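First the structure, which I've put down as structure tokens, then a few questions once you've had a look.
As written, the chain order gives the labels A, B and C, with residue 1 at the start of each chain.
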Amino acid sequence: MLEVTTTRHNPGIDPSLHVWGWEIPLYLFVGGMVAGMMIFAGWAMLRTARGDDTRSFFSLQMPLLAFMLLNIGMLALLLDLSHPLYVWAVYITFQPASPMSWGSWVLLAVYGILLVSALVRLPESWPWLGSRVPGLQKASAYFTGSPGRMRWLGYLNIAFGIAVGIYTGILLNTMVARPLWNTAVLPLLFLVSGMSAAAAAMHLASRVFPGRPAPRSLVGGLLAAMTQPLGPQPPEKSTVNTLIRADVALLAVELVLIALLLLSLVTSNLSQIEAAKLLLAGKYGIVFWVGVIAVGIVVPIVLQALELTHRIPHTVVPAVLVLVGGFALRWVLVNAGQASEIVSTAARF
Amino acid sequence: MARYGMVIDTTKCVGCMDCVVACQAENDVPVGYARDWITTTVRGEFPKLTMEIRTERCNHCENPPCVTCCPTGASHVNDLGLVKVKANRCIGCKACIASCPYGARYVHPKGYVDKCTFCDHRIRDGKDPACVSVCPTRCMYFGDLDDPRSTVAQLLRSRKWHVLLPEAGTRPRVFYLT
Amino acid sequence: MERLSRRKFLQISAATFGAGAVATPMAPLTRAAAPGGAVRTVPTYCEMCFWRCGGVAHVRDGRLWKFEGNPLDPQSRGRLCPRGTGAIGAHYDPDRLQKPLLRKGERGKEQWATVSWDEAFGFIADRMKKIKAEYGAESIAMFNHGVGVRFLQHVLRSYGAINFAGPSFAQCRGPRDVGFMLTMGTDLGSPEPTDIENTDCLVLIGSHLGENMHNLQVQEFANAVERRIPIIVVDPRYSVAASKAKHWLPIKPGTDLALLLAWMNLLVSEGLYDREFVAKYGHGFDRFAAAIRPYTPDWAAQQTGIDAQTIRATAREFAIRHPHSLIHPGRRVNWNGDDAQRSRAIALLNALLGNWGRRGGIYINHHVELAAFPLPKYPKSDRPKADNPNYERYPFAHEAVTTGIRETTLTGKPYPIKAWWVYSTDLIHALPNEAETLKAIDQLDLLVVVDTMPSEIAGYADVVLPEDMFLERYDELLAGWGRQGWVALRQPVVAAPHDQKPAWWMAKQLAEKLGIPEAMPFKHIEEYLAWRCEKSNIDFAKLKAEGVILGPKEPIYVDDGAEIEFGTPSGKVEFWSEQLEKAGFDPVPKYTPPERAPEGYFPLITGRAPVHTFSRTQSNPYLASLMPENEVWVNAATADRLGLKTGEVVKLRNQDGVVGQPVKVKVTQRIRPDTVYMVYGFGHTNKMRRHAYLKGASVAQLTTRYKTDPLMGGTSLHSNFVTFVKGA
């Protein structure tokens, strides 16, 4: 029998680590979505550069929505900081060994890319602004008029989307102190999960403003600019189906990656086996199995498969469930991960 | 340059927590927070028991994960080879706290991240860290690991020792004699 | 047994303390770290416990920064224990008494008026004069535990008081002192001259050095551990000391005397004792040897639960290393009610080892004699001392018995006690069966409590006088006892934060008001201290600067020329004690088995924690944050059987039906299945003690039953049995 006692009771550290609350999971979720949206948007830009008519592509609307979401994410990050008045210190240096330093500069670039990308369709999709700022037309034409520039914008979106999608996974992955995170599959899992959340978000957006005449007002116009495909017609069934199929595929890959995560944990050392137990059982286990696996992945896959085969009507339910599951995944990983710690085999036996 | 390390004789440590109080006084650590602490491990079943008592703190690792993850360079290795935090560069992201396998760091009430500094202000004054200086059982030793004549080097040559969580790859510089 | 169902709590009206009276959760004590601020150092000696180690206080930018050991001090050797290091917390303690308080309304109702010192002493003197006139000055008694009482006691004596007692005798080391007095003709004094750092084998009977932070002894203990000498620990609990021992004997509580007798039996029967010492200094050895013949290791194994083989092996362990082996005499030895005889057995065992004045045994300690300041003589009294009139109650008590004074206060025989001065001791925690203490207080016309902290008994006082803590004041010189004598000075380091005053100043005011100002003929204590130093050839200026001045080096071992003598009737070590025999007691200790616990009950034993001193430090911000509460230790198998888990909150009910305060359970392998343990000094009910209020549970509250040692009046602390009340 082993009795271990400690006199340390530092707030947030003992009895187990809890320095990150809801803010970080929220940022991770939003960041993942933004990453996925940038990848889809970038892909749409490449298609546009090739000459396809992508005016109905939702993904081209995404940069503006992504910009708004990113602000929410960054606000969450700021709220998490315990010394926020010094946040500028991140931007007077670059620490090549720190994934967070990389991420901070990447996010700065992402802001730029998102704003520029939003420009592409902005005058058309948000007439209220377009009519008041004539320079927007010129700026938009600068890109839409040149396949080369559209292609580069597309590459940038995809590249930085991937960067945003995986850097947080790398950040957590590099922490040897937290065995639950210390696996190579995490960055990929975050990326794929982000993309599936982005697909779900786009699908949800497509149902919110399914092709009504483009509002010309400030607020309505902004909302439509973020969510509505260009043109007043409803999206083609095939387009929506593509989204659904993409989402199902991404969810399936996500499920495989989670399985790989668990597999690598339970076949690794004692610390990681214990970490896996944290995820699979106990209070985090409930959120994991119900929130992440069932509600977030399996049920949406089934529902969307049934939708595709016309057994049930299309609804926004699967998309909402995917988003819930996406947040649940981040929440349970961030919290269970903090609770996981290296189990010293020397101290155990 | 000296490679500072600490050697602690667990056979002598009685877990009295003098080192904790001395550190708090010396370094104005807020009450309720501890830069060092006592861990007691009891093995066996009554009446066949053994007990190891250790005083623990930041290990000033030679491969410190808390330094690599810091986005601002606030967490850094200083001119004495010690791991320290520049409060006016710390944003309080707490990545370093999550990255420390020993739970040695904490968020100071003022917002920046704080931890044991091996009392580098005392080292520069030719003194030992406060915990080492106060210990009534004299179970703590501090010095240059690279100086073969130092007490710490001699103890590590002559006694059985272990470090905490060597599997973490951090290469800690606090050694426990058993 | 009447239960204390209505605990009276001390409450201070908000008006007394202003806004600060509102209890707030303790915010982190963050002091502005002044980088490179000007630092001033002042040497003084500590009063966080009674070891009085020399230290050096550091003040940075006018604020108290830290307190470290004085390297010149032979007791701290430059390193203080955690209480000493945490002494700064006593200065910053938010619950300190701040101003003199006068009771308004009924005693125990805790309605106070803040008064000036003048008013307070006016009230006290008035009452004292009335009491003296009606009952005589002898009816004014004082309980004390601390160096600061020096002048208050002096003024009271000058007024004619004769009854003074400290709980350290009857509630702590008294039985040991008497046991050694009866055997060796000397009590061991304080600190005990145990040559631990040079011993070849150390035996600890219940002593838990390491958790009990007797400073120099812990330092020496660590040294002994490092030298890898065999250490034998006899304790129902796997203490820190036990974990470093070669042999841990998890003895059944209350049976230690059986073990000691069996050890002596083996030493004598196998001839492993110091024949030379016994031949030269022993008195009545043959009769002693015959008396202990029945106490074989096999017999003791039955009593103690320790197997006979271990009893023999451990005896030989320390015996073959004689005279350089040491059976530690212990300190707080008031366990069962026969403790003086058990301590006598320890003295006898040491005598068999011949270690008196030998390396690794009991060394001959020294101190510096200081010149006495000329003070007026005390009036003579023809009345007996109230605690032990004519030594009839406790024939061998050579110090006053606190519980004896309490008894006299209750009965009024041989004469009434009408006033209590209580200096720096919390009698509610210190004396057994608090119901008796409270009943005794009801008999008083005056109860004055002098303390730094709001103790339990302060809640019942008529007048509460706030003393400044030791870093803020002068006190009497310390003439320390040790391998080398030394003189230490206590001097102020920082000012007291409120209206607290030093006890010597209080004594002066009291003397004035009582009409005997000549009792305190100096204006300021510094005069007194300087005079004493000068007349003793001690450079006062040097003492102020360095804090400690060592006495001459003198031999501590017989082999180096130290003289030993035994102040017994025979002039020798009394293996057989005629004086005990004549008084109707056992001339050689006899063993009585302890009482059995009632079904479902466990004997409750108690001890110390390294960061706390009795009940004094539980609101010290530094020390309390390291141990804010105590726990009840329960053996894992027992806990399993009873369905108890670590962290679960329970209450303990004792054999008299008294239910204690809620306390957390600690399930551990480190204790016998039939015993439970709690650290002493917690469970404060004085609401002024905001940060310690109801933290942990009070062992004193559960100590309703006690046995009194017939030899010297010691009161037992391990005589209560408890059972668990779940769902507290």
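Just so we're on the same page, a residue touches a chain if its C-beta (ideal position, glycine included) is under 8 Å from a C-beta of that chain, and two chains touch if they have at least 3 such contacts.
Note that the coordinates shown come from a computational prediction; the quantities given were computed from them, not determined experimentally.
Undergrad: Mind having a look at which chain is the central one, using mean CA positions?
TA: B
Undergrad: So which has more C-beta pairs touching, A-B or A-C?
TA: A-B
Undergrad: Could you state the distance in Å from the CA-based centre of subunit B to that of subunit C?
TA: 35
Undergrad: Where the centres are mean C-alpha positions, what is the separation of subunit A from subunit C, in Å?
TA: Distance between chain centres: 65 Å.
Undergrad: Any idea how many Å lie between the Cα centroids of subunit A and subunit B?
TA: 39
Undergrad: Check each residue of subunit A and list the ones that touch at least two other chains.
TA: Answer for subunit A, listing residues that touch two or more other chains: 1, 3, 7.
Undergrad: When you check subunit B against every other chain, which residues touch at least two of them?
TA: Residue numbers touching two or more other chains: 15, 17, 20, 32-33, 42, 44-45, 110.
Undergrad: Can you pull out the residues of subunit C that are in contact with at least two other chains?
TA: Answer for subunit C, listing residues that touch two or more other chains: 626, 636, 668-670.
Undergrad: Using the touch definition up top, name the residues of subunit C that touch subunit B in the complex.
TA: Per the touch definition, subunit C meets subunit B at residues 26, 28-33, 65-69, 79-82, 85-86, 88, 209-211, 213, 215, 218-219, 221-223, 225-226, 238, 240-241, 243-244, 248, 250, 610-611, 621-623, 625-626, 635-637, 668-673.
Undergrad: Spell out the part of subunit B that touches subunit A in their complex, as residue ranges.
TA: Residue positions touching the partner: 15, 17, 20, 32-34, 37-45, 56, 65, 67-74, 87-95, 97-103, 105-107, 110-113, 162, 164-165, 167-170.
Undergrad: Quick check on the complex: what are the subunit A residues that touch subunit C?
TA: 1, 3, 7
Undergrad: Touching subunit C in the complex: which residues of subunit B?
TA: Residues of subunit B touching subunit C: 9, 11-12, 14-18, 20-22, 24-28, 30-33, 42, 44-47, 49-51, 53, 109-110, 133-139.
Undergrad: Hey, which residues of subunit A end up touching subunit B in the complex?
TA: Answer in residue numbers: 1-14, 17, 19-20, 80-87, 89-90, 92-93, 95, 97-101, 103-104, 171, 174-178, 269, 271, 338, 341-342, 344-347.
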